[in-house]
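Look for subunit A in each of the two complexes below; its partner is subunit B in the first and subunit C in the second.
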Partner chain A sequence: MEQIELTYPAKRKIPKRAHVGVVGSGDMEVLLEPAEGAVAHVFIRTSVDGFGASWKAVLDRFFAKYDGAARIQINDAGGTPGIAQLRLEQAVEVSEQ
Partner chain B sequence: MTDKRYGANFIHRQSFIELDARERATALIDAGTSRELLGPFERVESPWLAMQGVTPQEDDGCVVMKGKIAGQAAVVIALEGAFQGGSMGEVSGEKMTAALDLAYADSKKGTPTSAVILLETGGVRLQEANLGLAVIAELLGSILLLRKYAPVICLSAGMVGCFGGMSLAAGLASYVVMTREARLGLNGPEVIEQENGIDEFDSSDHALVWAIDGGEQRFATGLIDALVEDDTPQVVEAIRRFVGEGVPTVHRSSQVTLYRSRIGALDTSRQWDPKELRTLWTAKSATEGKQ
Partner chain C sequence: MFHSEPHSVRTHDLLEIDANQLIDARASAPQWVEECLRRSPFVVVRRGRVTDQEIPVGVRGEGRNQRWATFCQQKFVRSILAPPQLLRRTVPMSRANVIPAFRALNVLKDRWTDLDLPWGPGGSVGFELATGTLVSNEQSDLDIVIYADTRMTVDEAKSLCARTMELSAVADIRVETLVCGFSLQEFACTSSPRILLRYAEGLRLGDDPWGGWVNMMETAS
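On to the complex of A and B.
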């Protein structure tokens, strides 16, 4: 298991927290919570080692659009970058509902 | 037998199997009354998995939801089959035990609180070994306490099914509900094959596995109380019905004489066919002691 931490700038407060997904094979859970300050922190725990660059690419793309001040925890059980992107977008959707 | 599952209503069904543990628990509780206890944001996760390189889940694969079912106080404890096969670790087991104990305390104080346990599990989580075994022993004790005051209803919808130590929980339940897709057994098919050889049980033969462990066979031999389609309204209706029925006069696990006589009467010198057992052990004979 590998742990990855990433930080991105944020512009606005987010309305509420959201939890989506399951730590099942090829999937992941995402916990998104409001955070203080103009910054977003991402904490990733993944069962597959050595994909730090892929995670950074996925999160870079996600934060190119998303500007919420959030604490995001991802617990991953071997999800693909596509699954990561979808779970993140789903978490935002639930949080903004 | 014509299979009604593939009738006109088939495509309109709302699959229960496709729901995750949290969605299942929410579906069973009366709308607007559910409240999750120790949810994922409390971050009470297994301390043992990360040490072994396994990604933990924030709720440890056990969702506890308090609320009302058919207007009566109830707690739903749902195991997430997709996380570590729904296995029982120290945290998930303690959550289940504590929820049952709280339901027992409330029931004793005059608010009968039914427990619905959603079993999608292979039993003990091997990474937590003895802690998992210990906690299953604890929760079985808690089921025995609660079931005197309020019904404990076990539901296995699939696709993991219910095996190992947690099949004992189903055995102690006031009522057990299954779908055709679910399986219930003490030793899982792979375990039997591994221990006794492929001649004893071929776990790759799905027709054989479901003919023995499947919900339809368990219902036909009177080992469970209801067989439902994989349709959320049907599952909800069955659970509401058993909550309404309350504590049974005699629990299945108390009918020792009946089940001993069933086993005693079997001629073990030959191989029995699952279909033959259905005529020998009818659903009717299992309820003899209950009336």
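On to the complex of A and C.
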């Protein structure tokens, strides 16, 4: 079990919270909530240790496009970077709908 | 020339294989893979494209992180065990006594008697029922596969999910259609218009698990 925290700049408030995904094996859930200020905080709790650089690469790529002030909690049960990318996309879709 | 039909296998099936042939063909395999296969010559079919020659498979080791992905030639396969066949196997009392996931399977069989789709155990519970190798432990989830070739409604999914509450182990349920796999829980409970669909070609978000693969460009690796 490993906990990773990342912070990114944000430019706008987001409309509402979103909860997507499941914590079953090989999958992950993402909780995205509106936050105060011009910053986004990401908290990752993963069952697989030693992939900090991969997580940072996925989140860097996500925040290259996303500018919402959010608190994002990711609970990972051995998912892949591909799943992380889709779960984040799905959370934004629900949050903005 | 003699031509044999390829075996019909699906994701999650367990294959009994000729271990010597697979080991000889895969010189790059870690040492533990060879030891595991010699003890218990079974591999699990991974999601991916099955060809006339090869099947994507995984080797399960004893450690939690011991998984090895490879390809197995069709001609190395001795027999195929699908999760619904494993459902008919009796859980040994000695295992049900110590492993919550086995107790959960027995309870779920009673709760899902009206489910007329084929279903059965995958993951460590399925592997253990197939091979007799003691790979499950007290923390093991109960992995379940349901085969829904035709459309399942959200209400049907909700009803199945509701009956997995308060089992002795967490039930992780994958629904397999003819084209992809998805989480029963996500399908039943999500607020999202699209869910995570797992195709042989890759992952995508979609709203129709029974529809075809639409846009390869949306594939994520």
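Going forward, the second predicted complex is superposed on the first by the 97 of 97 C-alpha atoms of A that agree within 3 Å, B and C clash if a C-alpha of one lies under 4 Å from a C-alpha of the other, contacts with A are read in each partner's own complex, and residues count from 1 in each chain.
Keep this in mind: a residue touches a chain if its C-beta (ideal position, glycine included) is under 8 Å from a C-beta of that chain, and two chains touch if they have at least 3 such contacts.
Owing to the predicted nature of the structure, the values given are computational and were not obtained by experimental measurement.
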When subunit B and subunit C are modelled together on subunit A, clash or fit: clash
Touched partner set for A:76, first subunit B, second subunit C, both or neither: first
Touched partner set for A:97, first subunit B, second subunit C, both or neither: second
Which superposed partner A:54 touches (first subunit B, second subunit C, both, neither): neither
First (subunit B), second (subunit C), both or neither touched by A:25: both
Which of subunit B and subunit C A:1 touches, first, second, both or neither: first
First (subunit B), second (subunit C), both or neither touched by A:89: second
On subunit A, the residue positions that both subunit B and subunit C contact, one per complex: 19, 22, 24-25, 27
Partner subunit C, residues of subunit A touching it in the complex: 18-22, 24-25, 27, 48, 80-83, 85-87, 89-90, 93-94, 97
Residue ranges of subunit C in contact with subunit A within the complex: 65, 123, 141, 143, 170, 172-173, 183, 185-186, 190-196, 202-205, 220-221
Complex interface listing, subunit A residues touching subunit B: 1, 17, 19, 22-25, 27, 29, 31, 33, 45-47, 73, 75-77
Footprint of subunit A on subunit B - complex, ascending: 20-21, 39-41, 50, 53-58, 61, 80, 82-84
